[in-house]
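Consider the two complexes below, in which chain A is the common component and chain B and chain C are the respective partners.
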Partner chain A sequence: MTIRHVSEVEFGVELPVFEPDTSLDNVRRFVRAAHWDGPRFTDHDAARKEGLPGALVPGIMSQGFLAAMIHRWAPDALIENVDTVFRAPVIVDEAYRIAGVVTDIDAAAGRVEIDLTVTNEKGETRVFGTATVRLPA
Partner chain B sequence: MTKSLDIDALRERFLMKDFDEQVFEFSAAELVDYASSCGELAPRYTDPAHPEFQAPPTFATCLRPGRRLPEGFPNLPGLGMDAGKAVAPKAPILPGVPLTARSHLHDIYAKTGRSGRMTFLVTRMEIYDPAGTLLANADTRIVIREKPEA
Partner chain C sequence: MILDLHAHSIKSDDGRAKVQNYCQWIRTRNIPIDGFVLTEHRQFDNESDYGELGREYGLTILKGSEVETEYGHVLVFGVTPALQAEFDFANIRLPLRQVIEACERHGAVPVPCHPGRPRVGMHAHLAEHGVPEGVRIVETLNGGSRDEEDSIAQAMASQYGYRGIGGSDAHIVSHIGRCATRFPHAIHNEQELVAALRAGEFEAVTFRT
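After this line comes the complex of A and B, so read on.
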């Protein structure tokens, strides 16, 4: 269901799950655009030489996934704040799912608070975030 | 022996004082790639012809200061790790517009748990357009797990 107005949002509702594109090609596209190009993000072998489990999805890209997920659910949502904790690495070419749940609604102000998690195939939370968004009345 | 950071002294000396300034500029194609690779579908972030075309809301976190901490800041008594990032967009970031990013230490605090004391440093980058309009705040939290004094 696409959300257009704050009155359509229910406390505790789960946002549709989003499976982000963590492929090497897509991460390369992102880091070039962000001016963050570097082998730890774009080359598995180079990342392993640094002691990492593989090339990393930058934390700022995971944060971008969270915002994209919110806009897929509520295209007109204005994001006022996203606070993200990077608990563990997100690895390029591995599958992740992003879940979100509405944890607070201020209908008068049109504000909604959402908890968001990025988990891997084992169900381990790698990134946790909280977003505050504003929706039309 | 490693000495703990004196939080009150650090706050007095370093808080709310700009220590870095950088200028950035991004093209429309870069903003589209940034948004699209994150999975954005909203045309205001993916279509440069859209009347409200702008950078996606978390974009400001990709801007990096020239230095992580102010000049003269004491050596960290432990391993500094990225504990998270927060971003608060205030006004649209547009392509081809120079962005001035100023950084200051916004907060310094400590938490003590079973494993010892952890000190948190919050660096805030404020991003302005050439007219001086605040476009976004981007906070980076560094946590230092202090080594116990010998």
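After this line comes the complex of A and C, so read on.
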């Protein structure tokens, strides 16, 4: 269901789950566009030589995925804030699930708070955070 | 009675949850816990009184702390003004021995949390510092655990004869109650929580899906 107005939002409602494209090709395209190109993002072997478990999905790309999920749910939402805590690396070519759930609503201000989590296939939380969005009355 | 013994609110630097939203979430989602303990990082919240909020939602909301030692992070239950005068809760290199001895003197209970976690868990420091004296309880179920962290914690508890508690380690609303601790009797305040922990009458439980 696409959300247009704050009155349509209920506490505890879950946003449609988003499975991001973390493929090496997609990450390469992103880091080039963002001028963040570097082997730790684009080359598994080079990343492992740095002591990482594999090439990393950049944090700003993960935040972009979170914003994309919110806009799939509420295309007109103004994202005021995405506040993330990176607990473990998000690795290129691994499968992740991005979930969001509404945890606070200020109907008068048109403001909605959303819990955000990025989990891997084992269900472990790699990234968590919150977003504050504004929706029309 | 089931209490989530490890949760953070916006009072913690990395906490993103308002306490009222925890309550709303527990009731809206029918999370099978009867309350939770706010264990804010490196501090004790002397200001907040959640009594009225707890009554409104029919939940027990207690306060503790999570301090940092050379053995990693340690939950402290039963914090009093006298205990707060014993050491600096904000110090990120507290000697665990000092924390344990101060807790003993002031009737509090120290519990190393997520002990199987690299860097911030007790198990990672045993080779360097040895097995600490005075630890009786560790957190064997942590809602934020990854990989084999809980298994390492449980194996360590079994090896050294520690009892285990559970806590969600929630930092966002929707993570409250993922793990918790079951007690045989009702607990209404921090003193009763300390008494139940000292009596050893509890078990760690998980509600992770």
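By our rule, the second predicted complex is superposed on the first by the 137 of 137 C-alpha atoms of A that agree within 3 Å, B and C clash if a C-alpha of one lies under 4 Å from a C-alpha of the other, contacts with A are read in each partner's own complex, and residues count from 1 in each chain.
The criterion applied here is as follows: contacts are C-beta pairs under 8 Å (C-beta built on N, C-alpha and C of every residue); 3 or more make two chains touch, one makes a residue touch a chain.
Predicted model only: the values in this text are computed from it and were never measured.
Novice: Could you tell me whether chain B and chain C fit or clash when both sit on chain A in the superposition?
Specialist: Clash - chain B and chain C, as placed by superposing on chain A, overlap.
Novice: May I ask you to decide whether A:119 touches chain B, chain C, both, or neither, giving the answer as first, second, both or neither?
Specialist: A:119 sits against neither chain B nor chain C.
Novice: Once the shared chain is lined up, is A:85 touching chain B (first), chain C (second), both, or neither of them?
Specialist: both
Novice: Figure out whether A:12 sits in contact with chain B (first) or chain C (second), or with both, or with neither.
Specialist: second
Novice: For A:104, is the partner it touches chain B (first), chain C (second), both, or none of the two (neither)?
Specialist: Touch partner of A:104: chain C, not chain B.
Novice: Looking only at contacts as defined up top, I'd like to know whether chain B or chain C touches more of chain A.
Specialist: If we count touched residues of chain A for both partners, the winner is B.
Novice: Both chain B and chain C touch chain A; at which residues?
Specialist: Residues 83, 85, which sit in both footprints.
Novice: Using the touch definition up top, name the residues of chain B that touch chain A in the complex.
Specialist: Of all residues in chain B, those touching chain A are 24, 26, 29-42, 45, 56-59, 61-62, 64, 82-89.
Novice: Would you tell me which residues of chain A are touching chain B in their complex?
Specialist: 18, 20-21, 26-27, 29-30, 32-36, 59-61, 63-69, 71-72, 75, 78-86
Novice: So in the complex, the part of chain A that touches chain C is made up of which residues?
Specialist: Where chain A meets chain C, its residues are 11-12, 83, 85, 87-88, 101, 103-104, 113, 115-117, 122-125, 128-130.
Novice: Which residues of chain C touch chain A once you look at their complex with the stated criterion?
Specialist: 14, 16-18, 21, 24-25, 28-29, 144-147, 171-175, 208
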